[in-house]
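Here come two complexes built around chain A, the first alongside chain B, the second alongside chain C.
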Partner chain A sequence: MLLPALVVLGLVIGLPMLRAVEMSFDTVNLRRPHLAGKLGLHNYDRLLSDPRAWSAVALSALYMAGTVAGSVALALAAALLTRRIVRGRALARLVFLLPWTFPAVVTALVWGVMYEGNFGVINRLLDHVPFIEGANWLVDRRTALGALILAQIWNEFPVAYVFILAGLHAIPEELYEAARIDRAGPFQQFRFITLPQLRYILAVVVILLMIMGFKSFPIIFILTGGGPAGATETLTVLTFTTAFRRLDFSYAATLGILAVAISVLLVLGYLRLVARLDAGRDGP
Partner chain B sequence: MSDPYGPLRLHLLPFLRLASLCLLGSVALFPIYWMVVIALTPTGFSRTLTGILPQGVTLENFRALFTERPMLRWLGNSVLVAALSSALALLFGTSCGYVLSRLRFRGARLLMVAVLITQMMPATSIIVPLYILFRDLGLLDSIEGMVVGHVSLVVPLAIWMSKGFFDRIPADLDGAARIDGCTRLGAWWYVALPLALPGLAAIFIYGFVTSWHDFLFAHALVHSPQLWTAANAIASFRGEYFTLHEMQMAAALVFALPVVVMFVLMQRWIVSGALTGGVR
Partner chain C sequence: MTARAGGAPRTDETPAIEVEGVTKRFGTHGALDDVSLAVAPGLFVTLLGPSGCGKSTLLRAVAGFVIPDAGRLRIGGRDMTREPPHRRPVSMVFQDYALFPHMTVRENIGFGCEMKGMSRAEIARRCAELLELIRLPEVGGRLPEALSGGQRQRVALARALAPDPVSLLLDEPLGALDLKLRLEMQQELKAIQRRTGKTFVFVTHDQDEALSMSDRVAVMRAGRIEQIDAPERLYARPATAFVAGFVGAANMIAMQVEETGAQLACSPVAAPGLRWVLPAAAVSSAEAPRRGGAALMVVRPEALRVGPPPAEGFPSIEAEVVERTFFGGRVHLRLRGPGGMTLVAEARPQDSPAPGEVVTCHALPDEIALIAGDAAAPVPPPARPQT
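Let's look at the complex of A and B:
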């Protein structure tokens, strides 16, 4: 019974991954088919000296940092505000979970409509705000990445919200009672009880959101396609356009392997954290 | 001065909390509200909106979507691909998950980590070799190809989730079945699977939604418009109707609504499932 299951797994995932490794040593370029069959490390040589690839890695890192920071801040605020609600509790939670249920494609379309430079609602609303100018958010290279990050935050912060809310409910109420007896104010309670108690769950959330940010593709691809002038070209977008626009599948496979290597590091970090979380639960 | 926080705690803090809650909630809901407003605005008139209130309400955009565009066909393709791929992923995923939950063998943990990595890595890494493989196998631009592609997208999560569910069913139960003469396959089919049924339903739904929402595979593997899934079709609207926001929003709404409604109906159950599944 192990065998058929493993065969299927090998066929749908193992085989493509092996093919990717093979392609990365070959030259599979649909524009230059005559180059096929030349084996070597040339794709990896090219990767090491390709400024575009490393700029994509840096942009992915920036995108991850931005989405993680924004989502955690937003989710933490929402969770702290809804944790002790008695009336309308289910409704309040639903409000902060709802953006999660919208697909990335739809998120891209609606933010694209809102960001539109001439008659998008964001610029229309900013007309009423003194000192803040509207912009052509997705076309201006200074604002494009930030605009994409904001759309991604809207779509994914509910994931952080679910985890943080569960973490808050796991904090024993006696801790707060003791703190109130000791005359600790709300900010001291947050600083000395809530934050330390949430430590591990926040770490898990951060790494999960890093993985989600690193994987992100549809929002960036649909809204800017990596532009303007490469300002939002993350590793996933560069991998896709290298294969499907420039038809250089071998180099795209090499970029894909780089992405897998980065994912391995993230997953190992995640597993370590989860193991520590479990150990912490059993221990003192 | 008995309590320095007294007045603050009594009046200002609850008010500030409520105000920030309302503000944060409106920010979270605004894009959804705006999608509805634009989708209901007569075609071409969204650019004349000055405030955030709708001016004129029409269902014309939705009518055009289903009569002038093959939206029904695209939704049908999505249903077909999502149903087939999540059913297959469920079958393969649960058998794998069961084996990993019950059998102790060398490399089991490594296999689980490898499966987790395939779930966590960007799908762009797998679509590149998959495209070349499918080209050689003649699976490009076909519903079958997209089903196989989506199976590879859903199966890692199905394995992790089903292993979790089987871990919670005592091994003694199917052990007893084997003593009574069941094969390992029989113990899985007759004992463990029925017990894990609620979990299996959850895996099927996750698989269905993942396939329904997928844009990357749908965009890369299929070219003919009559074979597009809805995700790819509505994304194409941004290029085609760049300034016709009303049509884009109507299409986006139709595409998102089934999952949103399902989520609202099953909210409690999904959230607890997502937390115990632990992966997503």
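Let's look at the complex of A and C:
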């Protein structure tokens, strides 16, 4: 029964992957078509000594770390906030889930308008805050990556919110009552019950968000295109621009292979974690 | 309704727990209706009643998880009506144990001590002491998931005892255990209560559990305490028809009171031709019988003896044996008396008549309880079948 699915997967994913691997050993560059057919490890050699590629990997890691930390913190706060409310619970949950329903393109456009230097709502609001000045958020090297991370957090924290809220609801109320009667205050309840009880869910959420953050492309590409001056050029953006701006498909394929390798490592981490959790659930 | 769970040890002391006119409503549902109760220190008191009678709500009100709409609540003589749970000198054992699954047994037991600010050395000593008390000194490093149900229950008990509370509240703590383990744990709980000398307030719907473990049992119905007494007295002298039906099996015969005074004369409603004379001391209800009024005669199956009465004037009745059920050392006889009265008697297998035989049954006057007035009003069928 698995065979048809494997065949389809092989055709849809396997073949293009193989083609990409093959291309990474070739020299397919539409600006220099005469080099096509020159096979070798020269693209990998170039990758190892390409500071732009490694800067992109570092930016991807930074972007991933920022979005994961921000999304988890925001989702945890939102889930704790909406867990016990009775009145308007459905509305509150809808509000927190709404950003997830927005396509990344729409999110990018909305945040683009908000970040706009002259008439963007963020600068307009900051006009009323003393000692803090507005900025050209997406144009300034110092603020561009942070601005993108914020937009990405807004778009993907509902994923974490759903997981964490489900996790919170699975914690028996009696544990909190037992802690309360043992004199544990709200912070101690959070530290000694909520966090340890959520640890498996948080671990899964973090890895899922890492994968999502690392693969993230549309928000960055639409808002900054990797700029200003490469300040937001993550590996996915560099791969895209190498292929479709510089038309160097072989080197883009090599960057793609690197991205896949990193993603595979993250997925392996995720699978290992899930296996460990399953083993834990089976008992001692 | 006021009830006092004292009497035996140290009744002169300030009650460990005092509930005064507590009322609690959840929406339109009245969970507690003007409940009053005083528990003397060092007693094992059980709140017994069917599901939804308010026993757990009363316990949770004492713990501080439910704030009463009206009434007062004192623990150790101090008003704690509106105090949060962590300010009350009580601990609680939950039905599903509520052990912290990510903490070892020792960490679970030490949690309350840690929150109380005790030093590490003190906590370690207290944990060791309690693990000895529950006879599980070897499980301190294990996680709760590695323990059996009975072991978890004992650890939950140790955790509740660790911060040295004045009283321990136990919310159906044996409900999740199988019968054999439950019987073992009943003995264990009672033994631990005796050793620690703490006040235990125990909630259950199981009458056998209540009767076998408690110094006092408070029977609850529809948010009120019907009667609070020592188990033996509760069984022998039920104050209401509900208590008679809920605690143990009982023959409940509707009566009409004909004469009052030092002796009471009454007739079964189903058989007006019969006339039984009882001492006034047979009356177990708060309300005294009135001439011409209704009453309920309660005779336990083991008190309804097959055979002629030893002396004239003892309540006796002729009945046909309808069914004989063998239970090893005893048999249950289902009897049909005059006017279609159905009675249940217990007999030794070797003395018991066969179905179809007509026998004379009698009861000794001091084994009969007579409930008069409103308390004799019929109640919905009890939770347990009267076998």
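Quick note on the criterion: the second predicted complex is superposed on the first by the 276 of 284 C-alpha atoms of A that agree within 3 Å, B and C clash if a C-alpha of one lies under 4 Å from a C-alpha of the other, contacts with A are read in each partner's own complex, and residues count from 1 in each chain.
The rule is short, and it goes like this: contacts are C-beta pairs under 8 Å (C-beta built on N, C-alpha and C of every residue); 3 or more make two chains touch, one makes a residue touch a chain.
Keep in mind the model is a prediction, meaning the values are calculated, not measured.
Enquirer: Comparing chain B against chain C, which has contacts with more of the residues in chain A?
Expert: On the superposition, B touches more of the residues of chain A.
Enquirer: Is A:236 touching the first partner chain B, the second partner chain C, both, or neither of them?
Expert: first
Enquirer: Would you sort A:137 into first (chain B), second (chain C), both or neither based on which partner it touches?
Expert: Neither: A:137 stays clear of chain B and chain C.
Enquirer: Go through the superposed model and pick first if A:196 touches only chain B, second if only chain C, both, or neither.
Expert: Touch status of A:196: second partner only.
Enquirer: Check whether A:182 is in contact with chain B, with chain C, with both or with neither, and answer first, second, both or neither.
Expert: After superposition on chain A, A:182 lies in contact with chain C alone.
Enquirer: In the overlaid three-chain picture, which partner chain does A:172 touch, first (chain B) or second (chain C), both, or neither?
Expert: Once the two structures are laid over each other on A, A:172 reaches chain C alone.
Enquirer: Overlap of the chain B and chain C footprints on chain A, residue-wise?
Expert: Of chain A, residues 183, 185 contact chain B in one complex and chain C in the other.
Enquirer: Considering the complex alone, what residue numbers of chain A touch chain C?
Expert: 172, 174-175, 177-185, 188, 192-193, 196-197, 199, 283-284
Enquirer: Which residues of chain C touch chain A once you look at their complex with the stated criterion?
Expert: Counting only chain C, the residues touching chain A are 63-65, 84-86, 88, 90-92, 94, 96, 98, 100-103, 111-112, 115-116, 143, 145-146, 159, 163.
Enquirer: Where on chain B does chain A make contact in their complex?
Expert: Residues in contact with chain A: 3-5, 9, 13, 17, 20-21, 24-25, 28-29, 31-32, 34-35, 38, 46-50, 52, 92, 95-96, 98-99, 103, 105, 113, 115-118, 120-133, 148, 151-152, 155-156, 159, 184-185, 188, 212-213, 215-216, 220, 231, 234-235, 237-238, 245, 248-249, 251-253, 255-256, 259-260, 263-264, 267-268, 271, 274-275, 278, 280.
Enquirer: Enumerate the contact residues on chain A facing chain B in the complex.
Expert: Checking each residue of chain A against chain B gives 1-2, 4-6, 8-9, 12-13, 15-17, 19-20, 23, 28, 74, 77-78, 81-82, 90, 92-114, 116, 118-119, 121, 124-125, 154, 159, 162-163, 166, 183, 185-186, 211, 214-215, 217-218, 221-222, 235-237, 239-240, 243-244, 249, 252-253, 256-257, 259-260, 263-264, 266-268, 270-271, 274.
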